[in-house]
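The following blocks contain the structures, represented as structure tokens.
Below are two complexes that have chain A in common, paired first with chain B and then with chain C.
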Partner chain A sequence: MKPKRLDRQRRLTLLSLAGPNILFITAFCVLPLLVLFSYSFFQVDFVSIIREPSLENYLRIAKSETYRGLIIKALVYGVGIAFICSIIAYPLAFFIAKRVKVYKAALLTLLLIPLYTGDLIRIFAWRVVLGAEGVLNSLFMWLGIIQEPIWVLLFSPFATTIVLTYNYLPFMVLPLWAAVEALDDSYIEAAMDLGCRRIAVFFKVILPLSGAGLVAGFLMVFVLVVGDYLTPQLMGGSTGITVTSAIHDMFGAAFDWPTGSALAWLLLVSMTLFVILVSYLFYRSPWGRGIRRNS
Partner chain B sequence: MRERGWAALRGYTFLVYGFVYLPIMLMGLFSLNGSDIIAFPLRGFTLEWYDTILHDQRILNGLLTTMSIAFPVTIITTLLGSMAAIVLTRHEFKLKFLFLGLLILPFFVPKLIFAIAQVTFLSDVGIKKGLLTVCISQALIILPFVTVIIASVLIRMDRSLEEAAGDLGATGWQTFRMVTLPLMKNGIMAGAFISFVLSNAEYTVSYFTSGRAQPLSVLVASDFRFHLSPSLNALAMLIVFFNILIIVTSEWLRHKKVQP
Partner chain C sequence: MVNKKSRNGASSVLLEARGLIKDYRSFRAVHGVGFDIPDNCFVTILGPSGCGKTTILRMIGGFESITEGSISLQGEQLMDVMPYERPVNTVFQNYALFPHLRVEDNVAFGLRLRKLNTGEIKRKVAEALETVQMQAMARRYPSQLSGGQQQRVALARAFINEPKLLLLDEPLGALDLKMRRHMQVELKDLQQRLAMSFLYVTHDQEEAFALSDIIIVMNEGRIEQVGTPEEIYHSPVNSYVADFIGGANLIVGSVSSVNEAKGRAHIETATASVEADCSPAVREGNTCCLCIRAEDFEAVADAAGDDDISLEARVIHVIFQGSAKLVEVEIGQQRLVAKLDHSVVTRVGESITLTVKKDRCRIVDGSPPGRKENE
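And now, the complex of A and B:
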């Protein structure tokens, strides 16, 4: 076949493979998001929606300290949980990548099981464990360590933090593991042979060389925690008011779709800005050298 | 690194896995406990809770709905995911980063925001919520996962086999049909299994788009918001066991070496 015809055929193949995906996602994900965006400019009057575009919803949210606080709280939780996850995950990823040989696949599968099992069952399990009449409290009381149940275990920021960390830990371990796995052992050995202390090896060799995995995991956990709405709702009790539960209320009982849409879009935009900022800073930093060289 | 350091790391790894599996194991323990209060001390062994849940007509109806969502979702995501994975691993083009961005969009957008976007969209277009709408929105959420799983198999595949087929005069379709497809078959199956599991587990999106067709996850969520019961433990354990079976099979398929 002539190269030109081959080229055309390849392009046709590409189009027929990518086309259905592009159509499907555009029609059922991009378009709904745009419809949601359009709602953020409408107003609500009792039980009907007035389709006269204005910026009023955004202005109201910008003026309200509560809404601003909720968005900031979500972002802070996202960064915080991602940070906790990265601290827990690093030694684990390092051990699985560099020490485990036979059971590597088994250990990684064990991490995937809770991840695929879904947030509902994971949260349910934690409620069983942490509840006021739950497993942990009753165990302590039975053993005589405490006399009264510890109420803060459930429906508190503490419970929310534990369950969020638990829920999204695999999303941090897996990219970190992949990054450490790809890291050449001889760098670590060379540093050790030259008298580098263990902590210094971590900060000067391992961390810079696995930075891409860390950032990938960090951003994934961040995005998932910011968008999580089940955990604070089911674990946080009255302290669990988050921006996502506020949005949920506006689409449920409160029937204020326009304000809900505006809040949702503000959250989406602030998330995106944060992700772009972190990616850019990483790309420009000395750690991002590996990525810059490849592209 | 010295042995003591490794020993400490091993202990630490056990600890983290313990943290990951402790809640599930406690749930399992109390699903077999002969008391309807979920608390220590244990009161003896029973299978009563499993019996209760397996004879609950409401739960069985929910399961039926879940299945009639999971099968179409699996078919849609496996087909589209295979196509997307081939595009990502076998084609180079200028706007590839845009295509990648579009693919991970449903993962990036928080599920709740995705769900309410569906609600506004459906109300504007005038489509009634039901099986069809849950299937489509679940498929979107699950598609990124399936694509990554199938792409992970395609990336590890030896490209020279496909090139050899091309050099020997096979057309693009023939190469795909006789070389690529047999080699990526396990990846496709692994993706399909995971899609099935994820569809069963999906709650947020189903809750907003299912209307009257309430799948199991939505039924159970409304149950346990108000009260915990050992029979819910039993149900959760059954789901966990079922998932372990499917996920282990899927991972085994994904890593299996294919005989050419």
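And now, the complex of A and C:
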């Protein structure tokens, strides 16, 4: 049977809404990635690229402990920062969603303000705080807690962790806030009614029922942290080399596009695998029941 | 507030509420309310939305602080007891079943927190699910259940903890009429089998009548009347209760004499002069109402004897109600509603003679409240 006019109209509307986006993403995201993919099989000879496909690049990266270490380091940072963010973000999200009534919008805006300032400005602001002659060291010395500045405050994994956490915290707070906001108070009351103390209420009811928000925030922070090479470079000092900065160098100074492409693709694949794994585990778990309907 | 002692002489008082006040900033939701809940008794707080009935339930459950007053359960003050320490459980209006847990885990929730051993939990859960006839659904998730089934699981989850008092916050509100009727019977039956006190909150008077041993009628944060369903219906204490319960006809008049010993008074209204039983607060000179139930009217061909009040009125509306018809009539400015048999001929615009036996009338305190939409 021919589709009814109403159905045709509806399909047309959907297509006209989604079409331009699909075209845009294909042209400016999928196609370049495919170009990158083809480059990852080529070789470089001083200044020219030899277009003879081989698995050489991938094998070299797989054999190299440095590259493997960089990819693992990126993933570990991503998971670690996302975890720290979730610990800080939960109380914050709960507070904004359940305790604040009038100033909700104001607090959320306040949370987002750092994002309006540039990456570099935020990073340099932290250098002012953490530096050898920075705010913290001066304060500690003035208080007499320390005699000499603590050098490790800046240019260390510690500094990188702090700034990454600070940078990406809003991306965890927002989805968590939305999830907790949608969580009906009566679930919390029912849990208390049945004998849960505050901590138990969190682990037995709030955490499982805001799981979708947690996973969304977790994956968002994870992806952003893995992709961030400015912060580790500017805050981490000698420890600041990341897989993304390595890729950056390959395409820039080193002029080794094929290896850069292969590295980029390996990173992309491992990130995608991780995201799929987390999503799948969440979906299968009882926590995922919030987003699964009638199965 | 006056407290009625329990009808049932043998049962003792389970919960005592005294002078309960709840303020939300400048708004006072509950104005000094006091009542008793006896053991093994189905008590209903009945009132329109916003009358403070849910607030009282939440104060007993521990989800709202008490601004002033006291609640004691078997002589123990509940004031500073946290909700998780109170020997009461709540069935929430929206059931609040945990969507991430199976039916059996929802029901076992309270027992697991009390660290009972696994075997005992299993046995009790099976028992509770059997009580509400949900054994077959034990492995399902709440989202796979119908409203009535969720309701039963919510009940099982609450009473499995053997609370001293079960609080129910309009638990049938979300169900359709047929399911509601069915669950009413089940609830009453369940209360008697468990021999547990239920405190039930509703705005539905029919439901309150069907279920309760004692009804507490509330309005604007105050208790209007406490009594059995029969007392509330047949002997309302004031015009508010008379109007809210069953929407009685209220004819304003002035009381010319009161015989307090006999509990009778004489009232002069625009349409009749009647001596009848009166509520205790009726005083000479007060604004009072003659209260006549719609079903007490009868249509007759000619004016009746001395024991009857007879009224000649014009028919305005006729509403078909299945078993009978509601006839709205007008006498001067006064509008009345009579529930008549289908055999009575009523035509809109024509006159009809209605009679009512004088001993079916009652004189109540207060002027008729502005007629609100009855649900």
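Note that in this section the second predicted complex is superposed on the first by the 282 of 295 C-alpha atoms of A that agree within 3 Å, B and C clash if a C-alpha of one lies under 4 Å from a C-alpha of the other, contacts with A are read in each partner's own complex, and residues count from 1 in each chain.
We adopt the following convention: a residue touches a chain if its C-beta (ideal position, glycine included) is under 8 Å from a C-beta of that chain, and two chains touch if they have at least 3 such contacts.
The structure presented is a predicted model; accordingly, all values stated were derived computationally and were not measured.
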Where does A:192 make contact in the superposed view: on chain B (first), on chain C (second), on both, or on neither? both
After superposition on the shared chain, which partner residues are touched by A:200: those of chain B (first), chain C (second), both, or neither? second
Which partner chains sit in contact with A:31 here, chain B, chain C, both or neither? Use first/second/both/neither. first
Touching partner for A:184 - first (chain B), second (chain C), both, neither: second
May I ask you to decide whether A:267 touches chain B, chain C, both, or neither, giving the answer as first, second, both or neither? first
Touching A:286 in the superposition: chain B (first), chain C (second), both, neither? second
Counting residues of chain A touched by each of chain B and chain C, the higher count belongs to B
Using the superposition on chain A as set up above, list the residues of chain A that contact both chain B and chain C. 192
Per the contact definition, I'd like the list of chain C residues that touch chain A in the complex. 61-63, 82-84, 88-90, 92-94, 96, 98-101, 109-110, 113-114, 141, 143-144, 157-158, 161
Using the touch rule from the top, collect the residues of chain A that touch chain B in their complex. 9-10, 13-14, 17-18, 20-22, 24-26, 28-33, 35-36, 39, 88, 91-92, 94-96, 99, 105, 107-114, 116-122, 124-129, 131, 133-135, 137-139, 141-142, 166, 169, 188, 192, 198, 223, 226-230, 234, 244, 247-248, 251, 257, 260-261, 264, 267-268, 271, 275
In their complex, what parts of chain B are in touch with chain A? 1, 5-6, 9-10, 12-13, 16-17, 19-24, 26-27, 30, 37-41, 80, 83-84, 86-87, 91, 93, 99, 102-103, 105-114, 116-121, 124, 136-137, 139-140, 143, 172, 194, 197-198, 200-204, 208, 217, 220-221, 224-225, 228, 232-233, 236, 239-240, 243-244, 247-248, 251, 255
Complex contacts: residues of chain A adjacent to chain C: 184, 186-187, 189-197, 200, 204-205, 208-209, 211, 286-287, 289-290, 293-294
